[in-house]
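What follows is subunit A paired twice: with subunit B in the first complex and subunit C in the second.
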Partner chain A sequence: MQILGQLIVSGISVGMIYGVIAFGYQLTFATSKTLNFGQGEALMLGALVGLTTINFLIGAGLGNLAAFLIMLPVVCVFGLLQGAAVEFFGVRQAVKNKSDSGWIMATIALGIIFKNMAENIWGHDALRFPSPLPEAAISFGGVRIQPMEIAIVIGAIALMIAIEIFNRRSIYGKAVIATANDRDAAGLMGIDTRLVIMFSYALSSMSAAFAGVLVAPVTLTGATMGAALGLKAFAVAIIGGLSSGIGVVVGGLILGITENLTGFYISTGYKDVPGLLLLLLVLSLKPAGLFGAKAIKKV
Partner chain B sequence: MLKVEKLVAGYGKVQVLHGVSIEVADGQLVTLIGSNGAGKTTTLRALSGMIAPQSGSIKLGAVEIAGLPSHRITRLGVAHSPEGRRVFPTLPVSDNLLLGAFPRLTGARPKGDTAADLEKMFELFPRLRERRTQLAGTLSGGEQQMLAMARALMLNPDLLMLDEPSMGLSPRLVEEVFATIARLKATGITMLLVEQFAAAALEVADFGYVMENGRIAASGPAARLRDDPAVRAAYLGAAH
Partner chain C sequence: MTINKFALALAATTALTFPALAADAIKVGLSGPYTGGSSSMGVSMRDGVKLAVDEINKAGGVNGATIQLIERDDEAKNEVGVQIAQELINKEKVVATLGFINTGVAQAAERFYQEAEIPVLNNVATGSILTRQWPTEKTNYVFRNAANDTIQSSMIAAEAITRQGFKKPAILSDSTNYGQLGKADLTDALAKLNVTPVAVEKFNVGDTDMTAQVLKAKEAGADVILTYAIGPELAQIANAMAKLGWKVPLVGSWTLSMASYIDTSGANGDGAIMPETFIELPTTPKRKAFIEAYHKAYGGDRMPSPVSAAQGYDSVYLLAAAIKQAKSTEGRKILAALENLQEKVEGVVTTYDHPFSATDHEAISANIPVMGLVKAGRVVPAHPEDVAGDKALRVKPKG
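What follows is the complex of A and B.
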């Protein structure tokens, strides 16, 4: 029972990371019906830029936690710029030409380029990321939880809520929803929808970069850390539905937990199988995702 | 206000407009009538930048707007209530209306009093006040039409373009829509109205253009078009 609890708890924190990345997929899909297949690389770059920043700050005499908190906005700004660049170089032309697949290759290609750049700058080895919180686990009735795992859950939820509030409350956020609803009509409102799409890419990469520095202290950091996370988060986005905010959280948790359970009770070799089976099952039974709803449309 | 000369536009390789020239004077209500597929909607789409004209000139005051993206044209003061209403289904009525004022709320146009204008819209369309918190996608067709018109008005536009505001509405609602248009006209707003209900449109308009196969086939003061035997036979039906 204790082991089960332990597996579930650590599944939850990994699942929340999947959820945040998948949330990023949703942001761009809503406005442009395109996705950044280099989302995992956006996470990896965010984590590595964060690593360099935090090491610099710690070197300058700051404590781990202070350094981490100062690093966060730096990483977020970097993520925004990186996402805007992906949109500008990889997606814009494809969207303009109404190309069905140009953006797929372009975002994959950019992802590979980013990975190569990272390998050249930060090397091939996995690097340790300084933890902002004590690494000693706290015990809850025998279930041991690292403080950073709690921080992941809180940070992930806070980020998604912040973006949701922005979308619902601010006029710019409403412009994003309007663009997602009907791009032509949004243009007629005076909304620069091309800018909105660029912004959604920026926000999407920022979410990934943020997830990167959240997960980095409990894993290791390196040029290859993004690929598997990006792919699994893609599965989560499909399982949860590309249009449902709550869907990606639930989808992330399902995947995170089943991975851990399979890894322990069956074999770590089969760790990835249940999630992918679930993906296939969802695709064949409920293609819009578990929580995906068709937009209300009335003529 | 608006002067369109030899406008050529279409979709991809299909050319729909073959040199359309129309003019809308300040404070006038001009209507564009004609049968299905004549190019009325395409004209409005080219004017508001939803499609890029292939050639021709569109002057808004002294500014050439042909080829500008739609958001820039809107920010210059042209509000377009498009065919099919195109309200934002997942947003509440109030947010749809606020988005109509987007350029005013973001500094691209003089702000004015958006709250007072919102109140004015609710007075003009009381149904919208009742439904203000409801998602636009759940409104009836008539209510969506009112919302689309009110949303366009929230821009405080110099030129209001309405595309088939009567489409798909019951006769009673059509009457209501035209009464609203007459009321708007009384406020002095410049309007370009595209309609299939030619008789009703010519009733409220100052000036009319008749479109046929992507060209202007006839034009004149609305009262004269109404009495023109050829126009009557082709577009007004036997009832008039």
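What follows is the complex of A and C.
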């Protein structure tokens, strides 16, 4: 029982990270029916910018926790700008031309460029990210949890709730939802849908960058950290449904937990298999995802 | 100026300037990963090689000619390694090549040197197969001055089982060739001691959560963990053990001495034990001089990968001695000289007295490496008595 608890707890913290990145996929898909395939790289850039900032702040004499909290807004602003840039250079033209695939290649290409840039700036080695919280694990009835793992779960949920509230309550958020519901109608109502799409990309990269600094203290930071996470989050987005915010969170938890359970009870060599099997299963039985609304493509 | 005239002019100028230089220089290729996950080993190796080349050139070169290094970054990628091999052989016309950190890259690239009859001194890659890739061919142009995986795995098993008395080892390895071949070697070495591992787990390069693997080892009742993987994932193992509040010794291949393991695992990584051909300590006059020269040239007070630096340095002196003896830069003659090297080469790792023969291309024998221990961010001898007194300098037995 204790082992099961330990595996589930570790799975939840990894799953929440998958969830936040997948949430970013969902944000842009809602407004523009496009995705940023460089989402993993957005996470990596966020973590590395965060690392430079936090090291600078710690060097200036701040404590780890204070430095981390001051670093967060810096990373969020960076994420917003980076996302806007991806939209401007990679997606705008494709959306304007109603191209079905241009944005796929463009966002992948931008992702590769970002990765190469990061390799040139921060080098190729994995770097240690200073932990804002004590690293010693706390024991809950034999299940050991690192404080940072709790922070990951809380941080991820807080970010997603904040974005949801913003979308539902503020006038700008309403423009996002209107665009998501019917882009052409929103445009006719005087909403600048181009700006809204850019904004959704900015928000999407911001959530990835935020996930990057959350996960960095328990993993390592480096130019290649985003690739595997971005891909898994993509599977999560498919499992949960690209049109549902709740879906990606549940999808993330399912994937994170099954990975750990398979690793322990079946074989660590097959750790990644059940998640992908689940992906195939969902695609064949419920193509819109577990929580996705069925989309009918009007031709 | 037409293109033809331009080409003619270019040819004329190159003809005027280059032959003079080429006549003086012995071109030696250098292939290793200076970027990517293995770069700490690649860069240290390159620094060691350059240090030795500078010393030799300052002392008048080899047979009156200076050594000119042609450095190429193979990025630890097999296909890049192959391209570089072809470029070094066909375009640069090197007389020999040093380097190779990754077994996969070495295996892919060395075939071309074998065909071109150009000797390779493999100074870091450890895959046991590398020095016997062509058992059916009469000659073999690949030599090595690193401790191969057969040596390392039996040292790991001997340390954990025989010397420290552990009974229930668990093996954790990554899913690359390096990890899986090492796992097989380790299982064999354990079998010779009549021990079966209680758990054998694997993970992918880039995995960040090792909870499942470490828990399995723990539940299987392991009293020691044996590893075959590289730095970042090894650090994740140490971190996962600390998280689970479970502490058993880590004993593994020499990659436990990588800076990326030591730095990223921090205090959790202390106590890890691995076979090392060189520990950064001035235990012999040659080692003292090497350590001082290295830090004078490249700064810092700790080499990113001391083993790679020392083996890189030694490989140059071995090659230089062979070229001197061959009085030629022809591949076959260098090969013959390497297989019957008359001069005793005093290196950093050991003193090489007839290090190679026609049937044995391994300069490092099982008695040369000692176990190192990670302690407060550095690698120190695990058993100080192993390197005390005249045991500091270990040489390959004759015959």
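Keep in mind that, in the parts below, the second predicted complex is superposed on the first by the 293 of 299 C-alpha atoms of A that agree within 3 Å, B and C clash if a C-alpha of one lies under 4 Å from a C-alpha of the other, contacts with A are read in each partner's own complex, and residues count from 1 in each chain.
By our rule, a contact is a pair of C-beta atoms (placed from the backbone, for glycine too) under 8 Å apart; a residue touches a chain by one contact, two chains touch by 3 or more.
Computed from a prediction, not measured in an experiment: that's the story for all the values here.
**Student:** Hey, is it subunit B or subunit C that touches more of subunit A?
**Tutor:** C
**Student:** Look at A:Ile8 in the shared chain and tell me whether it touches subunit B only, subunit C only, both, or neither; answer first, second, both or neither.
**Tutor:** neither
**Student:** For A:Ile171, select first, second, both or neither according to whether it touches subunit B, subunit C, the two together, or no partner.
**Tutor:** first
**Student:** Look at A:Ile191 in the shared chain and tell me whether it touches subunit B only, subunit C only, both, or neither; answer first, second, both or neither.
**Tutor:** first
**Student:** Looking at the overlay, does A:Ser139 come into contact with subunit B only (first), subunit C only (second), both, or neither?
**Tutor:** A:Ser139: touches subunit C, not subunit B.
**Student:** Would you mind listing the overlap between the subunit B footprint and the subunit C footprint on subunit A?
**Tutor:** Touching subunit B in the first complex and subunit C in the second, no residue of subunit A appears in both lists.
**Student:** Using the touch rule from the top, collect the residues of subunit C that touch subunit A in their complex.
**Tutor:** 35-37, 39-40, 175, 201-204, 206-209, 211-213, 215-216, 219, 231-232, 235-236, 239, 242-245, 259-260, 263-264, 266
**Student:** Quick one: in the complex, what on subunit A touches subunit B?
**Tutor:** That would be residues 171-172, 174-175, 177-178, 180-182, 184-194, 295-299 of subunit A.
**Student:** Name, in rising order, each residue of subunit B that touches subunit A in their complex.
**Tutor:** Subunit B reaches subunit A through residues 48-50, 69-71, 74-75, 79-80, 82, 84, 86-91, 95, 98-100, 102-103, 105-106, 108-109, 135, 137-139, 141, 144, 151, 155, 168.
**Student:** Could you please specify the touching residues of subunit A with respect to subunit C in the complex?
**Tutor:** Checking each residue of subunit A against subunit C gives 3, 6-7, 10, 14, 119, 123-128, 135, 137, 139, 144, 146, 215, 218-220, 222, 224-225, 227-228, 259-260, 262-264, 268-269, 271-272.
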